[in-house]
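Read from first to last, the chains carry the letters A, B and C; within each, the first residue is number 1.
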Amino acid sequence: MKKKQINLEHTNQKKLIPAYIFIGLWVVFTFMLIGWVVFASFSTSNEIFSDHMFRFETGFHIENYAKAWKTQKVSVFFMNSLLYTVVSCSAIILISAPAAYVLSRFAFKGNNISQMLLASALGIPVIMIIMPLFGIVSKLHLTNNRWLLMFLYIAMNVPFTVFYLLAFFKSLSVTYEEAAYIDGCSPMGTFWKIMLPLVQPGIVTVTIFNFITIWNEYFMSLIFANKQNVRPVAVGLYNMIQAMRYTGDWGGMFASVVIVFLPTFILYIFLSDRIIAGVTAGAIKG
Amino acid sequence: MRRRSNQTLLGLAKQLGKGHVMNVPYQPSTFVVMYNKDLFQKAGITSVPKTWAEFTDCCAKLVAAGITPITVDDAYMAAFFGYNMSRLAGVDKTLAMVKNNDFSDPSVLKFGEIWSDFAKKGYMSKKAASNIYPAGQVEEIATGKVAMYLNGTWLPNEIKGSAPNMNWGSFAWPAMDPKGNGIEANNYGAQSFGINKNSKVGPEAFQLIVWLTTGKWDAELAKQSVGVPMGNDSEWPAQLKEAKAVIDATTIRMPWGCGMEDNPEINVKIKENLAKLITGAIDAKGFAAGMQKK
Amino acid sequence: MIIAFLTPAMLCYLIVFLYPSIRTFIMSFFKIVSVTDPIKASNFIGFGNYHKLFHTQLFLQSMSNIGKIWFFGGVGVMLIALLFAVALTSGMKHVKFFRSVIYLPNVVSAVAMGTMWINYVYNSDYGLLHNFFKTLHMTKASQFLYTGQDHLFWSMLVAYCFGMVGYHMLIFMSSIEQIPKDYHEAALLEGANAWQRFFHVTLPYLRGCIRTNLVMWTVFTVGFFVWGQLFSPVNLSNATVAPMNYMYEMVFGASSSANTVRDSGAGAAIGVCMMVIVLIVFALTNLITKNDDTQM
């Protein structure tokens, strides 16, 4: 058995050479793009639009970053975004996972309709719901309220998360629940203790998506977070980017851009380490 | 305030407010040909063109000196076309063209012929066909490759980061055809302050506005933002001194782009067809046909 | 238990999606200028907004644009994403590194990505493609105007799709990784080669995943907005206009024209059209990729 597997590994690598090349080129291209932005963030506007950007004739302009960080209260924006994203992502899972579970496993009267409704939510562009939402929120005097903002982030992402986790729950075997029932576990207990951990890869992936979505969220934040002290990073920095584009401070603009995307990227690198590949089928067999 | 401020602009505010000054203007601007004086000197051009023939001649001289005469980008194509039409067919006729979305007038074909010819001669930058704002000003004007740009007097301020020491000059787009208007027709406007009608501190707000838009602060704003001051006696920034003559000589005010941007469908037609005209993908007839599509 | 588990999610839906979209749906049948105007019975115009929209060249152009994005972009992105996902789960080395880099463009803000493409890749004087073709002595290709009006749409599509591949690849990968190893082992024991394993083991398992990807792609296409703005920053162009760009101008007014014609009723109508498209696609994919339970 082992011999066969080793042989397979060898032929596998050879067969994968075209994949290595294609992916390799893609990766190189991506580095060139991102590298250009990083280089541009250390340059002056003139250098960016000329032939000799990579020579750094006037040195590394770190002041671009200092300017970007100091002129607007970037630290306030950061803390806000961190709070909003962490709280929202946790709440989203707490609300969506149970819903996805019951929708995927149990046949009940409202099942299909609920699924269609939630799916339809995905197709509704933000701009479509913003107007009446603004009406309600203004009447309740809840503009610039952090909790309202988080509620909106959560509610906006619940449908997608439910939909995504649904596919995962559907692929789990019923034998888990049967075994748990035999062991005397309640239905709710079964869910929290057994089924939920089984879809951990899905939860991790969808949380990454949600984190990035909420971190980069612009429309809702712009409309409902007008005061600077509740603003998340997206609105604050994007406005700075727009301003710098018009005044021609492209170096500063790119520095802001790097500041905006760095946290999501770093987070992604760390979280992706924790994605557990597959379910240990051995738990049932054994 | 009335006596201290620019009369033309207050008059405009009154006109736009249907007889009342509803908004107080400040930071005025006008749409003219902004040009690089050093490049003109390099090409041996000694005086600013006042007629279309002189303009064409300027272009030829610039090309001979290895300089691209003029450029445009997707943000200003509509205004470029509108200005040309005002010179070829007149402001009123142009505005009617926009209102009825009817570009069957022969002046449209004439425009196509002129600029198709100019593009072939290299008078119009080839890059203009693919310039996405602000490429025209940042990549071509600020770098000293192109000499002229039909743009607003805000241009020096917008690119002062990349071109702080550019020697700016300006002149009005010359007359092109006896049927159309000449340098007496121009577009000018301003930013403005308005007071919310529900405000409980109206009079105080107005005092604040007056304080901001006249005298010392008006001059300071103009200086820092390389802009046009409101005050009649205020000093204009060096880069815009020649634009003053243009405003003073303006008797007919054209709306922005001579109305070409009022209808987004017309705007997209202009952008698409003018770009193709510049690259030579279509000729003058193709341009006219494209503009007549509904 | 079912009620307790389902209610919070449905409540969110009702408050944030159902009520506002019903109200917007109603708005689409009235003549409304400003977004915050009340709906007056006197302004009822039935299908007037829709009729006007479908006779507006710019709106029809925007529909044609997203149609092309959905089809050509969709095919390209899904094929590449699937290819990458399969390759990366077939025993390649340095998987984590490759995966991170391929997903990176999706994480970087669209404004930055768009600027990179326009100012670096597509620049006709100093850009990446220009220099690439110049070193190959292909002068005509090196002078190609990628952002000219004839090619602007495809340039934008390529740039957009580049950033989307990573996202869909991740969805494929997380599904492929769930396939129990025994299936592949069993197939191997029976002498199946890589292709056969792909078609008979991997692909059937991916049905639900393909459906997710299709629906998400449709949702993104319908919400196509930022890239259209980036490639035509100041005002709309035939090459880059998408329904959301057009709707934005209808509801909030164009930034540069002197007479801002606002029509929130039409804006609402556009929103409704977009929603209908997504519903149709969802229903169709439901029919085509039926999610049968996998038999153990």
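Details
Here is the rule we use: contacts are C-beta pairs under 8 Å (C-beta built on N, C-alpha and C of every residue); 3 or more make two chains touch, one makes a residue touch a chain.
Keep in mind that what you see is a predicted model, and the values were worked out from it rather than measured.
Seen from the C-alpha centroid of chain C, the farthest chain centroid is that of B. When chain centres are taken as C-alpha averages, the shortest distance to the whole-protein C-alpha average belongs to C.
Centre-to-centre, using mean CA coordinates, chain A is 16 Å away from chain C. Centre-to-centre, using mean CA coordinates, chain B is 38 Å away from chain C. Note on chain placement: the centre of chain A and the centre of chain B lie 44 Å apart, centres being C-alpha means.
Counting partner chains per residue, chain C has residues 125 touching two or more of them. Among the residues of chain B, those touching two or more other chains are numbered 139. Among all residues of chain A, those that touch two or more other chains are 49-50.
Of all the residues in chain C, the ones that touch chain B in their complex are 56-58, 61, 118, 123-125, 145-150, 152, 231-239, 241, 249, 254, 256-259. The touching residues of chain A, counted against chain C in their complex, run 4, 8-9, 12-13, 15-16, 19-20, 22-23, 26-27, 30-34, 36-37, 48-51, 53, 94-96, 98-99, 101-103, 106, 108, 110, 114, 116-135, 152, 154-156, 158-160, 162-164, 167-168, 170-171, 173-175, 187-188, 191, 201-202, 205, 209, 212, 216, 238, 241, 253-254, 257, 260-261, 264-265, 268-269, 272-273, 275, 277-279, 281. Interface of chain C with chain A (complex): residues 1-2, 4-6, 8-10, 12-13, 15-21, 23-24, 27, 35-36, 83-84, 87-88, 90-92, 96, 98-109, 111-113, 115-117, 119-121, 125-126, 128, 167, 170-171, 174-175, 177-182, 188, 194, 205, 208-209, 211-212, 215-216, 218-219, 222-223, 244, 247-248, 251, 264, 267-268, 271-272, 274-275, 277-279, 282, 291, 293-294, 296.
If you check the complex, the residues on chain B that touch chain C are 74-75, 78, 126-127, 129-133, 139, 255-256, 259, 261-265, 267-269, 271-272, 275-276, 279, 281, 294.
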